[in-house]
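Step one of this worksheet: look at the structure below.
Labels for the chains are A, B, C, D and E, by order of writing; each one numbers its residues from 1.
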Amino acid sequence: MEYFFFIVRRLMWSLLVLVGLSIVIFMIARVVPGDPARIALGPLATTEQVANLRHKMGLDRPLYVQYAVYIGGLVRGDFGQSLLTQRSVALDLRTAFPATLELVLATIVIATLLGIPTGVLAARFKDTWVDNIGRVVSLLGVVTPSFFIALLLQLLVGYYLHFLPVNGRLDPSVSFTPDITGLVLVDALIRGQPGVWFDGLRHLLLPAISLAAASLGQIARITRSSMIDVSRKDYVEAARAFGIPDLVTTFKYMLKPSFIPTLTILGLEFASLLGNAFLVEMVFGWPGMAAYGVRAILHKDFNAIMGVVMITGAFFVFVNLLIDVLLGTVDPRIRIRGARS
Amino acid sequence: ATTVTLNVVQIFGTIDPAKVTDYTGYMAAVNLYDGLVTVDKDGAIQPLLASSWEASPDATTYTFHLRPNATFHNGAPVTADDVVYSVKRLLAIDQGPSYLFKGVLGPDSVTASDAHTVVFHLQKVFSPFLATVPLIFVVDSKTVQANVKDGDWGQAYVADHDVGSGPYMLESWTRGSEMRLKRFDNYALGWGKDPIDNLRFVVTNDEATVRSLAASGELTMTSEFQANETYTALAKMSRFRVVEQPTGTAFYLKMNTQVAPTDDLHVRKAIACATDYATIRTTIYPGDALAGPLPAVFKSDYLDTLKEPSFDLNCAKDELAKSAYAGKGPIPLTFTYVAGASFEEEIGLLMKSNLEKVGFKVSLDPEPWNRITEIASKVSTTPNVTEVFFGATYASPDSMFFTQYDSAASGTWSSMEWLNNPDVDKMIADARATTDPAQQAAIYKKLQQTIVDLQPDAFLLVQKVRHAMDKCLTGYNYVPVQSFDYNFHNYSWTCGN
Amino acid sequence: MTVSGPNKGGPVLRVDDLRVAFSTFDGVADVLSGVDLEVHPGQRVGLVGESGCGKSVTMRAIMGILASPPARVRGRITFAGEELLTMGRAQRQALKGTAMSMVFQDPMTALNPVFRIGEQLTDVVRWADRRRGLRRTASERRARILEVLGQVRLPDPERIFDAYPVQLSGGMRQRVLIAMALLNRPRFLIADEPGTALDVTTQDEILRLLNELVRDEGLALLMITHNLGVVREMTDYVYVMYAGNVVEHGTTDAIFAAPAHPYTRALFACVPKLSGGRAYAGIEGTLPDYTRPPEGCRFHPRCPHAEARCFERPPSFDLGEQHHSACWLHAPTEAKS
Amino acid sequence: MSTEVPLLQVEDLTKLFPIRRGLFQRVIGHVRAIDGVGFDIRRGEIFGLAGESGSGKSTLARIVVGLDGASSGRIRFVGEDVHTLRGTRGFRRRVQMVFQNPGSSLNPRRSIEQTLSVPLRFHGIAPSAIAPRVRELLEMVELPASFRAKYPFELSGGQKQRVAIARALAVEPELLVLDEPTSALDVSVQAKVIELLMRIRNELDLSYLFISHDLSLMRNFTTRIAVMYLGKLCEMGFTGDVFDHPAHPYTQGLISSVPVVSEEEAALKPAVERIRGEIPSPANVPPGCSFHTRCPAAFRPCRIDDPAFVQVGFEHRTRCHLFPRDSTA
Amino acid sequence: MSDLALSPSATPDESSRHRAWRRGWYRFRRNPAAVAGLVLVVLVVVAALGAPWLAPSPESAGTFVNFGERHQPPSLHHLFGTDNVGRDVFSRVLYGYRVSLLLVVFVLGLSVPFGVLLGLLAGYYGGWIETVIMRITDIFLAIPALVMALAITAALSPSLMNGMIAISLLWWNWHTRLIYTTVHALRHEEYVEAAKIAGASDAHILFREILPNCISVISVKVTLDAGFVILIGAGLSFLGLGAQPPTPDLGTMVASGANYLPEDWWESVLPGLAILFAILGFNLLGDGLRDLLDVEVS
């Protein structure tokens, strides 16, 4: 019960964070020099046309009224009109978000599937060559700018080896609209189109790897250090002293508790993953939210900027909420006491 | 089926013909929609939905006779009522090209005299009127009316759906990444041999991506905005050829004539002299010489006695010495170009390097395009110098002069000179009120000389349009209006399927 | 108090000249420099000494849980006639938690917080079974666990089985730790300061429980503590340790009756007595730095009786009646004179 | 009974800590960390406070030195209400504290001199007088003057505790609160520290509030002793009386569970049944006599009524139904 | 473990501070990664400070153009080749380090003191001060730094200065959080309470007792941050929102060089490696310091 309250409290707090976020971003968007009405009307519009549109868009009303209107819209899932695409931002995001989601999910899968074993191995063979290699690889992942990895991969795998495609989500010859979940790989499976699935995978690989490098490195590092921390705990010594085999001690008695710090830090790390997605999507022409957002920013498309930031923030907050729930499943202390220890 | 894949460097904002303003938007619109008339490669007006038309002698009434067999993509016939509705809708929404018709057309100016005849009653004489008609695209009034929400003239619906009669139909559109069109079999003008069946516009301004798309065989045609290196790289691939044509688009350094220091004619002349035209034209951005405000494609109105400008740092120093700002240390100068366009940046760097040699202190401020349109709206925020391309929106020198130099048009990116010169204004108005081509030409030639003397711009070059395209793709011709050259009805695929 | 003689078919555990060194920044820390001790079947042996004197290191060396760099272990540890330090890894692993078992000190940290008590105990049984080739069903194992949980007088073993450590109080966890040690019916048990983290009353209870269990099961016990009172109440035989050396050992009665070594005597003098009287004083100085231990008797820099001889290491002198002291004061010649 | 005003008077002191639960973390109850505690400390005396972990000893100490406020009740220092004194330099200066953990009671980043000069600086001692005073303090706790420049990591536990004592003495307090000052030390070190404390008290005429759960130590060190259980005093009296004739079953149990090193001591332990189980959570104090859940002598009334704190001998009081109010001698 | 065994056996003439440093240096030296990090950082700093003397073509960092020598591959003459306007990439990289370090100094100089101060206040005082500060911090933490920096620079119009301001606006919260958790753990340390009893003022306690104990955490975090600030800054300029031409910014160089991939790879790959080196250096150094000072900074 306390755990349930804990989650509910986190949920409410998340909502509050989002409200705060909306205020911050609304302020930023409104102090931006630039007139949305003029932008909407295009370069040749007359002053009179601009004034009319400003009125129609409510830009001549006091700031708090504008904010109230905006929030009112948000509650109904309405992010307003994009100036650039001339249609509802919500609709734009509905196509852009799944693309980003697919990329981020693939990234997380790659990063955890490779990162955790790397970290565990490095901790298990601490100070040996296994550890050294693991540490170098994970450090390189962390310190290399993701856009640089993306460029290098494009260069090596795309241009020189002609191994994998370097642009977009699907081959131009493939005509497929992911209209069920929005995720190409999932929708292709549902629709039973293995060709499309394979093509989607080929397109997904390089962006996902570029993006995963940093998270992978971070996961490996955290896993390693928390495994080492855990390995100094009495209960690990106890497991050893009771003759429980090394493998079981490592993968059961050490790994699970070491998930606790790993998960906690990953939640925060997720923000930088989303940030990097912005760069990687640009490099690979991935038609996701980040590409949409950067374009919105470059074109001062206010509603779109706010929409992107809000969705990104909500995504981040949601993931952290999810992590809290996961933490609860890993750590009975949270489940029982209903608080992070 | 043949598919043409080409890259566009900006995203499609809207495909609503009443709201389209930009080059990219017209690429879609010209394929999805038809106007009453259109423009050919020489800027001449050609029949489209209207098979013929006539103007009243006083040039205030135009009557268009519609083709009887034209249908919209949903099969409904194109009627005079659709035309009337389309104009009303354009004026009511008051975006897109509607500014062209301010004071020329009112909501009741257009009437249908029968199912296939439309009459335009102009509110005043406007000689370039016929040249503006290609921008009025006809929408299927029934479908639009059926989808009106809260009196929005169907904006929400038309934003996503094609309601035109053009040669291609919208198949799918992923905003920000690609748009696919497919051929409209029952197109009124019919189809010749080897038509293009499918069109795919891929949005990317990344040179590397364009090259890799080309290398992998995905790309049929590039945009006209690629970097030199890309054209060179593609030309090396056996599949491609680079098609190059002179255009009606000129590339200017627009100088703000109302703020220091570019309010001084000598400063402007100094900048013009310090411009390394040859390097720009040959190395950075291939183009033809431009002597004055008007490119040479406007043959009959072009003043051919103007001298090509030349790069001369001594001249620049001399002019600067004559200016009011001389002798007070380096003269600060703001210089803006479109962020992300590498050739514009290169020109900026070149200009900075040369200008600083003669006594300026240049600050380079790349800005995104939208931001440029924004800062252009006020004298005080308009930079001293801005790199700007300008091409005619409709096939008349009026488009070049009015929009750039008339004081009535100031406050837009195309008039960042803020010229505000009464002589210039008068000449433009005179030309508009004349229907006699010879008289018009005389006025335009005088106007060109006047503007050159005022030096509101450094005239960099006439753009050459360059596309790398598959050798099988033929039919490309430059059209001096918007992106009308991307009307794929004119193209064919000569290699069979 | 049962006094079990040292020679009932040989010792269960015999430690000979155990030396443990750690490499550290300051050099090599010679923590244990030749520890000898014996534990006989059914005997309860105490290992007592100040904090940092090497008690836990001894325990870890015996259990084989010293991390091998930085520790270097030499000497001989014989368990039930078998040499532990040279035996195969698997063989040694097989002994842990079965024939020799241990009770951990800190009930708050020795249980894994993210697994249920039952699961942790089951693993202990399961892996021991596997190594011993024992085939037991899950329910048999569970029955055994519940039995032992009952043995340590935990109320409602079923509930404890399904509980997480956080749900138990310190005293209950300490009982679980004892149960864990007893699960596989060991012959020999090491307890490192059991219950010191608990309150006096609880500690008292735990010690009594342990004492009873050891006696009922006929176990040999090596009890590590710094509390002389506990030693007196819980053990039959005592080793007193100082700075990595056993300085005195003998039956509990003998040592408590007449502590011989100056260190032991000083230690006794420090203990406040329930009878009051305030007659106690500390020991000057501190434990030596193990990287530069004093030569000879390691206690001599703090010893009021120190003399030239003390720069040589004294052997263990027999004081009779199972009482030995490693001090030159008790050298036979000296003793006679 | 002396007529002199006691140094410290604690009257009916209560300290509640809120317990928050549920969706909005509302206060659903209170931990009664201290519940109606009253005692006096006389000038020059060593007053011992014993009890199991969680019984509220540290909380009481913190309130006495003014680190925390009480929920209700009153503390007087030399007759003056501490609420009016609290926070003022005057009171601060007169009551000082030594903490339990020598490892954490010295700031690892500050040299011994810096640590010792803090109280001096903040009690208006002239900067020039600080250095000599520091030296004097070190000498008082039997540390060489060279220790001034050292950092805590270079000191042994006993040495650190001496520095902590020196810091407490810096401002010449009258009462020193010692919260388990030796429980983290070895017996050998403990003996030295206790010796020091005794000497200082004699020299400076100090009074101590000495908190510990080591009863043997209490027996040797304190003048009077109070035993606390779940926030309440259950027995109080002169040390000798309490040890020789423990009245409360809890006190008896405590004493009997002390491991001792000699037969002679063992004989002193009351032959009573052991105390069972562990101390209940102060968030959930049993009704009636709070000890009844563990008391070997509990009978019906214990579960219902909270016994009064009655006199069972000369200045010897206890809180147990075995001693009804009228049995006062 | 007891620290008794480690206590004073050093030679008497050696001050204890000195000994602590020596011991730290010994541990540091035994960590090859940390030494490598130190070397890299020193190289980067030397390159940045010495750019005018080390760069073969210092004018390349300024308004210089030479269209005759554009896109030259690496050679002895141009170690890293030339870029699209014929500037020497190597020289620009050296100057680029100046920009990166300027960014680091500015951002951390602005945000660390601010963040630390807030963290101290929130951690020490608790109550509503804590609630307000930490909740605001949480809001800022919920926004990916790069995304927010993008939005802010877009608002302020792109330039190096605005980029720095944007990043600073986002950076403080990490320090607030870190210091808050540290202080939160420290505020009930007995030495803090002892200082209170001794009558010390809040300012004394905050800045003399608590702050010094946060220094190792802060210094490790700052070192690691230096790398991440460079990383974010590079990302920002990669998108065209950071330093503007002709400022020799490494991120911008990668971005504009990317237009000439794959043929003229050196224009983006070499500046990219240069960024990598700097970040790697700070990270290795930070990790080394963390091991050395044994602190937790996540």
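Criterion: contacts are C-beta pairs under 8 Å (C-beta built on N, C-alpha and C of every residue); 3 or more make two chains touch, one makes a residue touch a chain.
Note that the coordinates shown come from a computational prediction; the quantities given were computed from them, not determined experimentally.
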Show me the overlap between the contact partners of chain A and those of chain E. B, C, D
Which chain is most remote from chain D in terms of Cα centres? B
Hey, which pair has more contacts between C-betas, B-E or A-B? A-B
I'd like the Å distance between the centres of chain B and chain D, where a centre is the mean of that chain's Cα atoms. 89
Euclidean distance of C-alpha centroids - chain D vs chain E, Å: 49
Based only on mean CA positions, could you tell me how far chain A sits from chain C in angstrom? 53
What's the distance between the Cα centroids of chain B and chain C, rounded to whole Å? 91
Among the residues of chain C, pick out those that touch two or more other chains and give their numbers. 51, 286
At least two other chains touched by the same residue of chain A: list those residues. 33, 154, 159, 282-283, 298, 300
Two or more other chains touching the same residue: where does that happen in chain B? 206, 208, 339-340, 371
What chain pairs are in touch here? A-B, A-C, A-D, A-E, B-E, C-D, C-E, D-E
Parts of chain D lying in touch with chain A, wherever the complex brings them together: 21-25
Report the residues of chain A in contact with chain D in the complex, numbered from low to high. 2, 5, 8-9
Along chain A, where are the residues that touch chain C in the complex? 233-235, 237-245, 248, 252-253, 256-257, 260, 330-333, 336-337
Quick one: in the complex, what on chain C touches chain A? 63, 65, 93-98, 101-102, 104-106, 109-116, 123-124, 127-128, 131, 164, 166-167, 177, 180
With touch defined as at the start, can you tell me which chain A residues reach chain E in the complex? 13, 16-18, 20-21, 24-25, 28-29, 31-33, 135, 139-140, 142-148, 151-152, 154-155, 159-160, 222, 261, 265, 268, 271-276, 278-279, 282-283, 293-294, 297-298, 300, 305, 308-309, 312-313, 316-317, 320
